[in-house]
Each structure stands twice: as C-alpha cells, then as structure tokens.
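Sharing a structure with you now.
Here the chain labels run A, B, C and D in written order, and each chain numbers its own residues starting at 1.
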Amino acid sequence: MIKVGIYGGSGYTGQELLRLLLGHPGATVVATTSRRFAGQPVAEVYPHLAGLANLSFTDISPDEMAGQADLIFLALPHGVSMEMAPAFVRTGGKVIDLSADFRIHDVEVYGAWYGPHRAAELLPEAVYGLPEMHRERIRQARFVANPGCYPTSIILGLAPALKSQRIDPASVIADSKSGVSGSGREPQIPSLFCEVDGGFKAYKVGGHRHTPEIEQELGLLAGRGMKISFTPHLLPVKRGILSTLYATLTREAGAEELTAFYREFYRDEPFVRICPAGRFPNLSSVVGSNFCDIGVTVDKRTGRLIVVSAIDNLIKGASGQAIQNMNLMCGLDERTGLPGVPLFP
Amino acid sequence: MIKVGIYGGSGYTGQELLRLLLGHPGATVVATTSRRFAGQPVAEVYPHLAGLANLSFTDISPDEMAGQADLIFLALPHGVSMEMAPAFVRTGGKVIDLSADFRIHDVEVYGAWYGPHRAAELLPEAVYGLPEMHRERIRQARFVANPGCYPTSIILGLAPALKSQRIDPASVIADSKSGVSGSGREPQIPSLFCEVDGGFKAYKVGGHRHTPEIEQELGLLAGRGMKISFTPHLLPVKRGILSTLYATLTREAGAEELTAFYREFYRDEPFVRICPAGRFPNLSSVVGSNFCDIGVTVDKRTGRLIVVSAIDNLIKGASGQAIQNMNLMCGLDERTGLPGVPLFP
Amino acid sequence: MIKVGIYGGSGYTGQELLRLLLGHPGATVVATTSRRFAGQPVAEVYPHLAGLANLSFTDISPDEMAGQADLIFLALPHGVSMEMAPAFVRTGGKVIDLSADFRIHDVEVYGAWYGPHRAAELLPEAVYGLPEMHRERIRQARFVANPGCYPTSIILGLAPALKSQRIDPASVIADSKSGVSGSGREPQIPSLFCEVDGGFKAYKVGGHRHTPEIEQELGLLAGRGMKISFTPHLLPVKRGILSTLYATLTREAGAEELTAFYREFYRDEPFVRICPAGRFPNLSSVVGSNFCDIGVTVDKRTGRLIVVSAIDNLIKGASGQAIQNMNLMCGLDERTGLPGVPLFP
Amino acid sequence: MIKVGIYGGSGYTGQELLRLLLGHPGATVVATTSRRFAGQPVAEVYPHLAGLANLSFTDISPDEMAGQADLIFLALPHGVSMEMAPAFVRTGGKVIDLSADFRIHDVEVYGAWYGPHRAAELLPEAVYGLPEMHRERIRQARFVANPGCYPTSIILGLAPALKSQRIDPASVIADSKSGVSGSGREPQIPSLFCEVDGGFKAYKVGGHRHTPEIEQELGLLAGRGMKISFTPHLLPVKRGILSTLYATLTREAGAEELTAFYREFYRDEPFVRICPAGRFPNLSSVVGSNFCDIGVTVDKRTGRLIVVSAIDNLIKGASGQAIQNMNLMCGLDERTGLPGVPLFP
C-alpha cells in the first residue's frame, strides 16, 4: 500500500487526487494539506466526501510529511512547488509535481514565461509525465513533472501527425476551450457563476504560459524547434478541455487513412480512444474518466489536417494523469484506481 | 457471474444500468434492447461507452432473453412493463422493473392514476424495492418493483419522523425539484436545452403520478392512510432530485435532537448520509453516487419539521437502486459495483 | 429629466439600475459610486456597457451627490444604507433604498433579525415600495424602502387569497428558489461557477432575514399577525425567483374560480400576469422583464391552495421595481423605461 | 407604420422577429405563420409573450399575406424559401429572406453545397444583407438575403484586415462556437438539455454549408477567390456566436495599431464595437443586443493576426440584422427598434 501525501489538498486538483485515491486499491492518503482550512475536516470543506474521507486538512512541514508518506503530490501554485520539491526529493521520497515548475527543461525559457527559477538544479531529474510519450522514463523516475491540462490535450492530438512528419511544424494552430475548474477554487469575479454561465471568451490570447511547454514537447516529436499559435478559451462547463488543432499537411491524405494511422499509433494506449473517421469527440464523453478522445479529419479544400481532442481537465489533464504516473513509478498496472467509465449524461 | 439483460437499454435509465454494470465485478450484461436502435453498436448511440461496451442493441423477444439472462431489468415506459414482466417471471428468472407498473399494491388506486392494469395477478408477488424499508423481503424476492425517483427522495426523507410519530401525517408537503434526465431521452420541445437552461418551473402540480406511490409507502410507515401535497419542479441540471419536506411536529423537538435521531435510524444504511444539524445537502454532493443525503431542522417559529433530501435521480433514484436490489436478490454485498464517490465539481 | 445618482453602482443591482436607466427617456444617471472601482470607467468593469455608459465610478460624498442628483438609489449592503439615507433625506432629495434597512416598521423586529437600527427616526417616513400594495403612498413618498426579491414574489403570490380570507394565515409555507445574482458580485466560494452549476441546495432554512418583511406585509393583508415557514434555495441560473406557495383553503374553491379571482384582483396591474388555470409560470418567461407571472391551482385531495409566482430578481425583484417606484414618485407613467418584453430563449 | 408578415413564426428566429418587433415604433406584425401551431395563440406556444402578442399563428397563403403586409420576413428552412419568395417579390412587396437560399450568387456553388436551385432567376435581384458591407444597395433593395449567423461574425471580424490586404487570404482559419438556439426548436436528441449541458463538440468539420457564403463575401473584400478552413462548434449556451479568426500578416504590425485601424474602419457603424487592444469580447457582453464586439491582436511569435468577434446569433446573427435591413429598406433610422443594451448578467 503506497502511503500518499497531498500538498495543496483544498483546491480542485488536490480534491480530485483525494477523490480518485479513495477508490485506489493500492494507495492510501495519509495527509492532505491546506493553509486556509488547516484543522478542518475534509468533509466540511467538501461535503460530497462525507463518510468517505476521514481526514482533516493539516499544515505539516515537508519533513513531517516525509516521515509519513512514500510519495507526495504537489498540487500547489507555480512558484511554490519549487520551494517544496527539493526537500522531498532529498529525503528519497517520490514526488509528482502538478505545477509548471519543473516541466520546462530550458531554464531560460522558463524564466521568460514564469520568472526566475529557484531550484534549477533539480530540472535535469524531472521527467515530463506524459505516459504516452515518456512511459519508460516515468517508470524509472523519482520526480515527475505532471503535464499541464492544455498541453496534454494538444500534444496527444498532434503527436502521431507530427512524429510521422505528415504536417508542417510551422503551421500549427491550437484553439483550445477549457472548463472553469481549470481556474481553481480561489474566489474571484471572473469565476463567478453569473460571469461564466451563458458566456464564452478567449483569454491570454497569444500569451498563455502553457505555450512553451507545448512547444517543447511538440519540438521533441517534430525533431526541430516549434512555434505555435495557442488560444485558450473559457467554456461555461465545470470540467473538460477540447482542443481544435489545425496544421498544413505535407502530403495529401484522407480522413480514413489518417484515422487508421492514429488508431495504430495509439493501439496499446489504455486511455486514448480514436473516434471513427468523420466523428469528433464531445467533452461529455470523457468527463469523469481518464480518457483522451481524438477525432481526425482532412479539410481537402485547404489541405489542412484538423484534429479535435478532448479530456477531463481534472483527470487526464491533472490528477488522473498524476495517478497514472504514480502507478508507473510504483510498478503497478497503469490503470489501477483510475475511473474507467465516464459519467453521462 | 450474474447474466443480466436490459429491456429499454437506449433510454437514460437503461444506459445508466449498462454504465454502472460495466464496473460491477459480479454481473455481466449479455443483451440490451432498443427498438429504435436495434442493430446499432451501443458506442454509436452512446459514444462515452466506446471501447467499454462491446454490445449492439437488439430487439429480442422475452423468450430469447430468458435463454441468455438470469436476471432482467425492465427500463420501459409505464404500461409496457406489464406486458413483458409476466413472461419472464414465469420462466423463473429474476425481474427488476423500473416502471411504475407494479409499485402500487392496490389495483384500484393504480387504475385511478394510470389506467387499467393488465397483469394484476402479478401484483402480490412484486416487492417494493426500497432496501431501507423492505430489505429482507427484497432478499427473498424474484420480482422487484423499483421505486420512482421522487418517491425514493421523499420516503427516505420522512421515514424516521413518520415512523416515530413525530409529525402529523395530514400536514405533509413535499416540494421536489428534479434534473432533466428524469424526462428521458425522447426528443420533445420542453426538454430542449434552450427551453430548460436559465429556466425553472413547476409541473403537474397536485397531479403527478408518483403521488399514490409515495402515499402508499408513507402510509405503511405512519400506520394509517396518507394524503400529501406533492409539487414536482424541473431544474436546469442533468442529474439529481432534491426534495424539501414540511410537516407539523406532534411534539416539540430541536434540530440537534432530530438530526441525532435520523442518524441513529439510518445507522447501518450504507447509502444514507445525515448532514450535521443546521447543514443541508447540495445536489452536487450526491451526483454520480448512490447516496441519499438528508438534512433535518425545525422551524421553531411555526412548529414545523423541515427535511431536505438529495439523490442522483439516475442512480439512487433508478438504476443504482435497481443494482442495489439485484445485489440483495442475488446474495451479494449490497454495495457491490455501486459508485462510492460522487463526482464533484 | 430626472437626475439620478446610484450608490453602490458596481454590484449587480447597481449595474442593473444603470443598465435599465440607459433606456429610460425621462431620467439620466449623473453619478454612480463604487469604492472598489472608483476612477474606473464603468465599461471596464462591465464591458457589455461599452459605448453606452460614458461614466466612471466615483466615490463622492452624500453632500456632493446632493448637489448633482434629484433622486438617489441606494444599492448598498444592509447596515450601510442607514448611515447614508438620513443625509439625503434631509437635503430634500428623493431616496429609494434597495437594502432592507427601512423595510421593517417595527424597530424591535428589525433588531431581532438584523441587529440594532441606527436611524430609527426615519422609519416612519419610509414607504414600502410595492406598487401593487401601496401605490398611492408611493406617489406621495420622498423615501421608499424597495422590497426584497423573495418578499416581492411571495407577497404578490398570496395577496389576493389572503386579503379575501380564502386561506388560513397560520398554514402558509413559501418554498422559494432564487438565481445566483441574488448573492451579488462579491467573490466567494459558494458563488463560483463550479460550486453552483449542476447543483441545487436550500440555505438559511427557517432563518432567512426576509422572513419578517414577508410576515409584515402578509400580516397587513390578512389583518392579523402572521408566521410563515420560508425556505430559500439556490438555483443554478443567473436571474429569477420562483416561489411555490402552500396554504390551506378556508372554504372549497376550484382552480378556475381562483384563477379568475386572481385575474380580477390584478386587472389593472401593468406588471402582473396571471397564467391560465392549470398553467404555471416558468422563470424563463419573465427574465429580462419587470413582470411577475402567477399560476394558481387547488390541490383538491388536501384542500390546499398552491400558487407559483415568478419574477426576474434583478428587475421586478430589485432594480426594475425601484424604477417603477421612481416613476410613481416623480409623476411619470409607471411603466416608463421598464423592459416590456422578456428575453427568451 | 410598416405592416409586417412573418413566415415560419414558431421557430426561434421567427419568435425573435416577433419579440423584437413588439418594441419597434415603426412596424407592426399583422400575421405570423406556423403549420404546426396554426390556430394557436402565440402566447400559448411562447408564454413569455403573454399579454404582449395578441396574435394566433396562421397558415395563410402567400397571396393572402400579400394583401395584408408590406414587407415579409421568411424564417423558413433552406429550400422552402425559394418556393415562397418569388410570389411575394412579384406582388411588389418587400422580402427579407433569413434562409440561405438567395445568399450565394453563383448558382453552381449553391448547387454543390445545397442541391439544385429552383428560383435562380431571382438571384440577381437579391442583395446580401450585411449593412456594414452593402448598406447602399440594401437601401435600394426590394429583396434581401439576410446573412447567416456564422458568416456575420466571421466577415465582420476579417473585413478590415482583408480589405486592407494586411493578411494572406490563403491562410484564414475560422474557429467558431455557437449557442444551441442556432439549431432551432425542432425536437431532436442532440439539442436536448442532457446532451448539451456540460458538453462541447465540433461538428460538420470542414463541411458546413455556411462556408461558401463566407468565402463569397471574404472574396469580395480580398478581391480574389478565397478558401478558408471553418470549424463550427456547439456551445452549452442558448445564444451567441464567438469566432476566433487566424490569418498570417502580410507585413508586421502591432496589436495597438491594428486595433486603431479596426476602430477607424468601423467608426460610423452603430452596431460594431472594438475592444481596447489586448481585450477580447465575451459572449455575455452582446447577448440581448444587436452588437458585434471585436477584439484584435497579433501573435508576434508566429506573425499571425488573431481576431475574436462575438454576436448574439438570434439578433445580429439573424432577426436583429433582418430588422436592421428592414429599417434601411424602408428609409428608417437603421437602429430603430433594435435593443441597445445587452442583458447582463
């Protein structure tokens, strides 16, 4: 039984880790932290967990946590993880960091988008935790940087086409739409029901911090540097990210052929589903599950590949993928404890 | 391994049975029927089940089904079940009927609300499938009439107070609010997104067909005939029923005392959770689970008990409760295969 | 042209006053205040008003406002209005207060629910601004206490039955459901999209501060003291309040007869619409308008009257009614500038 | 007073025409047709119009309508308009057709996307009713083809950049998202609340019938043939279309400069609002109004222009624009009767 600690347990991502781990047969949560709610029972802050999670939030130090837990999830804001992670890694415990702090290998790129890095010495050790790309390295890792939600949906959507050089790397546009849980549980006007319901908007157009992370991983697939246009939007739904991806084909191909190629590419992946040619995923088909659904077609009139990918941002886009990584790091079946069936309707 | 057949598999209730049974370790769905979609793969009609349910909808006769299945769920409209049920019961298979056809013991009451009954000879055999009230009889039953969604929320909310004669049976008012999935998947104008979103309404005020079912079961608890006022409303949410229940106390009592009494009453129930005194359930704390959450208080100024109960209408209000009944009828742990953790946010 | 000032202009109620007054032919907003956003253009805080409201929020003192405005709306929190109102009233300007501070005539009742009153000397002058009840007094008033949103829906729903003594005053139960804009624009966890969407809950059961206000006005209609049970709920919609009202009939009556009586009672009211017998209002039929829609029926089996009433909480429940009062106080046609056509879908 | 007839009055677009015309000081609706609801009062089919629209749906022939109405709106499905329009045009009445039947000048292009045209002789007379592009011709027109909802948002978003040759016409990608009212009021499974709420999907990827209409008008602006990639998506909102538009800049430019240019381009347009540089529109800022809000920026890293445009699909995207055209055709101020202030929240 893996003893798990969660840092930043009162946010939606931290809650989701706890929620999912309640059904994990090989792991148990020994502590979950929250400065704001320290001392309060989890079930008071999250009443849906009444009777299920008999924990209270704590505010224990890294050293105390190290004495109790084998593996730690960091569901903390960017910049805070880099203060916490080094201590745990030194104790020999396993760490899965859900922030952006250790996802970007190039410390200058990190600096340009996020500001100075204060734990750069750890960067070489951090493995980018996208199992479909880096499974073997994750199995060996002690320290995993869990991918961002947008990057997960975009990288999985483009990997087959990019790796097989079927698309022009300079032509990639990612138009992504996310549910509101991606903004976290901090009270702020733009996340209020009355501001979101019935609305829809783009934000951080051309300047979202997930851009360098996406470009890094797409660059690895393309075998060259990449610059993409990435536009995030805020959907009036709680969960889910759907990315519509555009790129110019380098040679003619049909929707059937590319769909078959995608299906083959992801043949052994337990959490990637390819839609039949001409069909595209709906967010509501993945919500509540760790699946990434992908639909592929060709716009014959313009010679462009169009891919649509969909994930649950809190599961495959964050906490589910983190547990998938935990399973790999701990030698368990990758699917253990992960929800197999989406919730619909 | 219980071999299960589903009649009426393409509606939301039928889908939910299949969805839940995919995760049930002791049962397997051998066939699911749909006239409309016969021959089509389930995953085409319900893409969230792609890769999970490798079945196609069929339109097989009761006799064919009897050869394949040990137990059958009837997720059919009222009036159709009473045509189908007798054939199965005669073959010796177990039947769980999710329609209203066999819930009401008194054939005249049934007639007054639903029209003539055409299989009244089976009524004595049908057990009302609310485990919290009739668990032992369900264990012995071959034929269970699964409760309605509204009745489940109302009966569980009032049972402790009514059975202990703490409230005046003539004073009961049930103001209930349901999500749209309760209206099924039939295309009709009042269920369209544009008609429902941003709206809210009462319907069938004073005349909803669940009324006699509720009164029958409350009457058993009260030990006398009951007449209640029951007003259903349509909420702009997909899943969930929340009932606000009013009744005049027969003797003074406080919220703490009554909460403690409710907690004691349901002490051994795996799927009933009582909120702390002064707290009330939120639909979003039960969605995706088989829980019924109940909050209890006293309006001291008017001497009324006020109870709020919440369920997921497709799970505890229909398919989850049906599986709970199946577990009981087949000697399994009652909780087997039922979702333990709600989906929030 | 009436020169209007708004105090508390950056909340939803203040915004709605400004939004509606932009289309008012007889009034112009000369200043709108906000401490938080002082100095910022209104269109930055509320982009839907870009190009329409060429004002910036100010933080001017009551005295400065008195020099600019003939009439002032106070869209301030309870307790703040009572600090501001006396100064304006003394200057001879007209005041419409949207807070609860001057709605309750009995200073002890106020104290029991809200705490000590610090401007009780003004209470005798304040007219309760429900035109359907107190139109003539409003016409003469300099100082109007604008009704609460819940009270408006409940009082209008019960007035005909109560005034004509058709119902037992001791039997009244009001089960009300409100959209989220009623909670204001303050950032707080319970108002976040992810907390509200897909959910539904009761709150302040048996203890909401609108209770004494409702009882005061119902008591005037009944000609005796009243105690009611009032349960507010939070709906996952932006706008609207729907109240379902229960009371025991004092003599037998049918739905048709009572509907006709309600229609007659409100015959000359421009903003009350009575549904045909057997029909009930939907929130979405009043959103965007100043209408109160009411449906009336009888639960023959229990002898209860059931009334359903619906309003847009920001319009008839707050800012629209305030403008209706302004029109009356200033000798304009009551309907001037008020939206005549709801927005549907 | 213009006497107006509406064909297809029971759909959402027909309803919206009626709803808006109720507030139009220079026009009155003399008849509105519906086969399905012929004989029923409008207020029964649309209860929000109770007391406002004292009409019943009729099923009168074109000749009868011609005797009553000066101007006719056709809110009919594609293919039906081309049967009805010729008769009216021959009578000398004015016609505004909201279907696609007369939007495309090239009958072969029409044929390729929609099938054979059966009234091609009328095509030369039809003016494409986008006032911002063809105002003078609309003023002279007897027969206007009202633009599609997607085309309106895309053409207005790209016109300044394309006309000034700031972007490469071959590089245009339009990623559009629409509310559900665009699918009409026909009952169908994909429009049900339970299918839409919490979901999001792309549809008709690379094959939506609005494509040739968009390309025709963009081609006029660019002065050459155009092929674009256009991907529509279904948003879980009732009203609104937001389009995110991508194109490669032909020469370097900054967001400030382009924003200023857009503002200048649309300086005299009463219904186009340009956001400050770095700001982007939200659907909820235009819902309920005839505005098109546009935000403009440059993705410096990739050299692309990114434009976001937002409209209310039922108003500027259909019925509001149709009334704007009616005003122009009838010599009224273009803004007459059009809602000036959006509904928020």
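Following the convention adopted for this analysis, a contact is a pair of C-beta atoms (placed from the backbone, for glycine too) under 8 Å apart; a residue touches a chain by one contact, two chains touch by 3 or more.
Here the structure is a predicted model, which means the values were calculated and not measured.
When the contact pairs of A-B are set against those of C-D, A-D or B-D, over half line up by residue number only for C-D. In terms of C-beta pairs in contact, the better-connected of the chain pairs A-C and B-C is B-C. Spacing of subunit A relative to subunit C, judged by their CA centroids, is 45 angstrom. Taking each chain's centre as the average of its CA atoms, subunit B and subunit C sit 38 Å apart. Residue positions 12, 181, 194-195, 197-198, 236-239, 281-282, 284, 345 of subunit C are each in touch with at least two other chains. Residues 12, 180-181, 185, 187-189, 191-198, 236-238 of subunit D are the ones that touch subunit B when the two sit in their complex.
On subunit D, the positions that touch subunit A within their shared complex are 173, 175, 177, 194-195, 198-203, 205-206, 227-229, 231, 233, 235-240, 242, 244, 246, 280-284, 287, 295, 297-302, 304, 306, 308, 345.
For subunit D in complex with subunit C, the residues that touch the partner chain are 12, 15, 19, 22-23, 46-52, 181, 197-198, 238-239, 273, 275, 279, 281-282, 284-286, 288-289, 293, 314, 340-345.
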